[in-house]
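In order of appearance the chains are A, B, C and D, and numbering begins at 1 in each one.
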Amino acid sequence: MYKIEKQNLTALFRKIAEGRDLYLPVESAGQVNFAAWDEEAKVSLDTTKTVKSPKDAFFPQSETLYTCKKEGKKLEVTQEALREKGFVVFGMKACDVRGVEVLDRVFLSEPVDSYYQARREHGVLVALACKEPEESCFCTAFGIDAANPVGADAEKPAGDHTMNQTGADVAVWDIADWLYWKPLTEKGEALTESVRGLLTEAGEEEVLAEQSRIRAVLKRLPYADLSLEGWGGDATKEKFDSPLWETLYRPCLGCGTCTFVCPTCQCYDIKDYRTKDGIQRYRCWDSCMYSDFTLMSAGNNRTTQLQRFRQRFMHKLVYYPANNDGLFSCTGCGRCVEKCPSSLNIVKVIKAFAKEGGARNE
Amino acid sequence: MSIANESFRPKIVAFCCNWCSYAGADLAGSSRLSYPADVKIIRVPCSCRVNPMFILRAFERGADGVILCGCHPGDCHYTTGNYYTRRRMTLLFSMLDFLGVENGRTRVEWVSAAEGVKFSATMNEFVETIRALGPNVRLGDLRCRS
Amino acid sequence: MQELRKRAGELLADGTVARVLAWRAGDLPYNPEPAFFETEAELEHLVYDGFCGANLSKLMIEASKLEGKTLVCLKPCDTYSFNQLVKEHRVDREKAYIIGVGCRGKLDIEKIRRQGIRGIEAVEGAELDGPEELTIRTFSGEKKCAYRDAMLERCHVCKGKEHMAYDELLGESRDTKDAERFAEVEAIERMPAKERFAYFQKELSKCIRCNACRNACPACSCRKCVFDSTKFDSEQKANVDSFEEKMFHIIRAFHVAGRCTDCGECSRVCPQGIPLHLFNRKFIKDINTFYGEYQAGTGSDEKAPLTNYTLEDAEPSVVRERG
Amino acid sequence: MQRIGVFVCHCGSNIAATVDVKKVVELVRMEPGVVWAEDYPYMCSEAGQSRIAEAIRTQKLTGVVVCSCSPRMHEATFRKCAERSGLNPYMVEIANIREHCSWIHKNTEEATEKAVILARAAIAKVNLNTPLQAGESRVTKRALVIGGGIAGIQTALDIADAGYEVDIVEKTPSIGGRMSQLDKTFPTLDCSACILTPKMVEASANEKITLYTYSEVEKVSGFVGDFTVDIRKKARSVDMSKCTGCGVCQEKCPSRKTPNEFNRGLNTRSAIYTPFAQAIPNVPVIDREHCIKFQTGKCGVCAKVCQAGAIDYEQKDEIITRKYGAIVVATGFDMIKLDKYGEYAYEQSPDVITSLELERIMNAAGPTKGHLERMSDHRPPKNIVFIQCVGSRCADERGKSYCSKICCMYTAKHAMLIRDKYPDVNVTVFYIDVRTPGKNFDEFYRRAVEEYHVNYIKGQVGKVTPQPDGTLLVHGVDLLDNHQVKIEADMVVLAAAIEPNPDVRKIATMLTASIDTNNFLTEAHPKLRPVESPTAGIFLSGVCQGPKDIPETVSQAGAAAVKVIGLLAKDKLLTNPCTAKADVLACNGCSACANVCPYGAISYEDQEVRAPGVREIRRVAVVNSALCQGCGACTVACPSGAMDLQGFSNRQMIAEVDAICR
């Protein structure tokens, strides 16, 4: 365990950014999102929830896959270079770390997504404990400990760069005037070594005290008792056929806010952009809420908003766990709770079903 | 200020209505009234056919200036087309200006079939303006430049 | 609120309406959702307070297709949107029974959070006849916040407390206007072009193309948006580059120019807090300046400014000439 | 994917001199969809066209791009060529590499590069073209002639002669126009009225011709073959069916102080009047503005004296709505106002007159009964100065840039007639150039100089100063002798420029016919289609198109008539298939498109719409393709892009933009 005085954070960031990219919560035009650090950046570590999750660092909203260039009738295809420069994502929350774990299971299982894999290999996750959990948070429902943002599989042996490399590389705590710093993995150790000069050794006591303070706050959150009973991979038919969707979806505007702020939504579309002398094939986030989601030449397999709405929650709470050892594709970050223009969200859906099924919610 | 960069060859899209301005451009041609080759004309039936999407698309694709030419108000082949154009473009240009895009990059000119001289003079002047403004950075899609 | 529940119950019971479109109480103090109620029993969840900002008029497009009338609760500003939708044949006036609900300004939870009030457990004083001050219970104790300081931007430039369409009125409205409608636009206009560009660049670079602004906008009622179709080779799913978000917002504002009632939903719903109303309001200001005062949604038969003209209209060169 | 053939024309050296056509061919071959490319010296020639036809057949082309002159020139040619070869004519696009490229650029590299880009844009467009079918519309076999001067009369007579109904709308109470005001005509010196009046009578007697005098066109809608026109018949206050034309009313009318328009205000007329003795119809009108009965309610003399009981004070304007297949504009000209030419003292001295006023003075039916006299003191003048080009060939904005064409000749005529009748009168003419192209014109002018000793001075007049003794001091310059000239004249005649009748602007707007900066109507082509307006179904006759003399006017009138006859002879016209079309699936039914349609071509229907997940009755826009003229206003009003224009579709336009900005 190490610590650094918060007034020295700029020096820390400067040091980290030497030869690497550093992404962290930065305020721009009134909103806090993960962005590249520079000397002018208005870093905001106090923000519990950035608007977008940090998943951009590994799975950007839009990225070029390859470029086709035409000369005469000759076609030249150039693959976009994979990430080679190291980078650090600083200030992810426990829920965001879980988000990466969810993405890993999609992108790092066969066939491996090489673009994502390259980013994961070169990225170092520095996770920050939640000083001030908010009323929209419900990470506890998914077994996440916001007070100890280490990630589920932090104990896995280092050096295994595929499925096992989940969890944060460094965990940090913001306590009074100090930032406590604990390397968790080999990558975390390496990062720690490179900034070692700025850190001082510290004991665990303050961190343990802070953790119990945070856990007390987590216990009194309005959604602290949210139960996922009845959800999971086995619930497909029962949940799919429920008449509840009929009323639940109605205020849904069909916008993509929930999916774009979500740390786990992983759907993308691949499109071509015509350039001067060819095309650029890129992928960009897609949203299952959109009417042209998975549109095929024969039409769309989900033609109504009800079907699209159902898809999102069925995927998060039923289909994904069915294929991933029961892991839910929701981290309880609560971004959708705060941002849905119609005040709909996954919690309301879970509760509506619980009420129906007589579970202990509500 | 004028001709900031001699080697800069701007891309300029000119939408011309079939009845007046396109014919005006033809007259400029048959009268051998030259204007820079940077101007490329797209024929539209009426200036009111020009959708703001076309103009923004041109900028997105790397145009440095877009000019729209139509019949003089009152002379529209379709009676009223250019009156709608006038409102649409006034509002669009005002919005682009509001967003901080140089207001010299967009223009509407009324050129009749008989005004070959005006057509050529307008294009010469417009190209000059765009050359002075330099490449369009604020409204361009950088990928088109590569 | 009790009165509204009671009246809605009566109208449901006597068969005047087949359903009620209002707001359902949320699971947090500030997140009621638009909802349809079909039985009197369900009405116990109906809520109407300062957090019921959502403009329900657009939901009437779908409701117009249903059997029977729909009771819809509209705030004064929502009725402008409603009229505009009727004018454009998107909503059937005959299918609506409008209760014009009173309004004393709607609340913006972000504005409360910005005052450092976080960990919100309960909010008191948000009801229509509540006090001038909100009392907010948080994890760290009770906080106070003036109602006015928590209002949405649009309420500070309120168009007025009159309903432009209704079948009956319920509840008092209050004048909340305390700012000039075009002051923000004018302040930006006064900036040098470079600064304006930087300002919008910064604001728009936050855009995540979630389409919340479009999908919430009552004027954006297209069955198929051009940005979802291939009609202009214009399909866009993400702001792949700095231009596309501009293209989207300029065209969106252009498409609603002369039809936008300035209801402010775009700015209310933007997850990134982009002041999108500025685009629409700039168009409204220009329309007023160039073509005479025009307010969409008043219910008049007047031609919309962009489907109209006069022989003496300003030339587009006015933009260049005014410097 | 289309199979596109690109055909690059040299146009002799017109294109090939500045555009490297071989290189264009080589580069366009690389474009997507292009399977054939070649160049040829003259694509529009028979041999050129047969190359295109051959390629369409052998290469199985689905689209053709011709890089040549303006589509306004040969688009139709190449479309017909494609059609003959079995390709839909609307699969042809033209890249204008002559007017828009080779003729205006000198640098071969630049011009070639631009030609390639223009070709690429056309190719990109053709890639998205779809075959279009022209519809049919009916032809109303009746023509309207606006203006009853010699141009209008001649056009009407020729159309009627071919057996078609024709209506003449004339603003003034009688047909006859400017020619009826003239005394003699050059270069034959025959009497204007003597040759015009029989034509007027013929027009009035022809059963195929209907005259609407004292009438104006109020509204025009429709399109070629099917115009609907509202004609306002102004209240004459005289019943045409009863009036015998005896003229007693005019003699007895107590209001006699109205300036006589026909005599250019040189004398006055009664409030009830016919403009001139040979007026057709010979039925007077009451000028209500100057009639005592209409102004004060007391009088009624004319009604009392009219034996036929034809006076009708209650008569109202009447609107007649008629359908026409073709409309001829023959609105003629007027002289410019001289208020900006203070230096000639026109407004100060009654003895400074215009040439048209001189015509009236010389005319036996004019204010002086044909005696040449000064309007100030009715004494015969001794020294007359003619000033040419007053407002013609003018560099500043006071006058007209063009040559009025007729002044040189009528001035020679005036000078000759005066010298012939009054040999002791000195006549001096100040001129810039004497322009006499025309049959027997120069001979005529030379007679004036050589036989009649008219004093021609090359030079301009700076000032005309009225002297206290009533004479006029003319300050001029003799450019040939290079010295100042001062002439003491007692009459000055100004050859004022002629300009199109001011009403023509209004009429052009109604007809959607274009006019130039001088208000002359524009021809469809200045050389090859001089009597047609670019607006289909609108034809031009006489000075409304440009200055001309009587024989030119009459020949143009005949030409316009032939064009009208050619049109009316058809039973059906092929309509432009480039019309708007709504995609019902995307249509909101919001009415924005209908609100901007100038032709009322868009209506709304409740249609059942079926699509995946959708089955409902929707209000959707429907375009009447017979009424739609393809302007595209609706396509921009439509926010969803549901409304599109065939032949100029959104995606085609975007493809062109992309190709140009590549």
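Structure notes:
In this section, contacts are C-beta pairs under 8 Å (C-beta built on N, C-alpha and C of every residue); 3 or more make two chains touch, one makes a residue touch a chain.
All values reported here derive from a predicted model rather than from experimental measurement.
Of all chains shown, the one whose average CA position lies nearest the global CA mean is B. Interface comparison, C-D versus B-C: the higher count of C-beta contacts falls to B-C. One inter-chain figure worth recording: chain C and chain D are separated by 53 Å, centre to centre, where each centre is the mean of the chain's CA atoms.
Look at where the CA atoms of chain B average out and do the same for chain C: the two points lie 36 Å apart. Chain B and chain D have centres, each the mean of its CA atoms, that are 29 Å apart. With each centre defined as the average position of its C-alpha atoms, the distance from chain A to chain B rounds to 46 Å. Contacts with at least two other chains are made by residues 224, 226, 232, 234, 306-308 of chain C.
Contact of a single residue of chain A with at least two other chains is seen at positions 273, 276. Residues of chain D in contact with two or more other chains: 596, 637, 650, 654, 658, 662. The touching residues of chain B, when paired with chain D in their complex, are 11, 13, 18-20, 22-23, 25-26, 28-30, 32-35, 37, 40-46, 48-54, 57-58, 61-63, 71, 74-81, 84, 88, 112-115, 120, 144. Every residue of chain A that touches chain C in the complex is listed here, in rising order: 28-31, 33, 48, 51-52, 61-62, 132-136, 217, 220, 222-223, 247, 250-251, 253-257, 259-261, 269, 271, 273, 282, 284-287, 290-292, 337, 339, 341-345, 347-348, 351. Listing the residues of chain D that touch chain A in their complex gives 30, 612-614, 658, 662.
Across the complex, chain B is touched by residues 70-73, 96, 98-101, 103-107, 110-111, 113-114, 117-118, 121, 505, 508-509, 512, 514-517, 522, 534-535, 578, 596, 598, 629-633, 635-637, 645, 648, 650, 653-654, 656-658, 660-662 of chain D. Taken together, the chain D residues at the contact with chain C in this complex read 583, 585-592, 595-596, 604, 616, 619, 637, 639-642, 644, 650-651, 654-655, 658.
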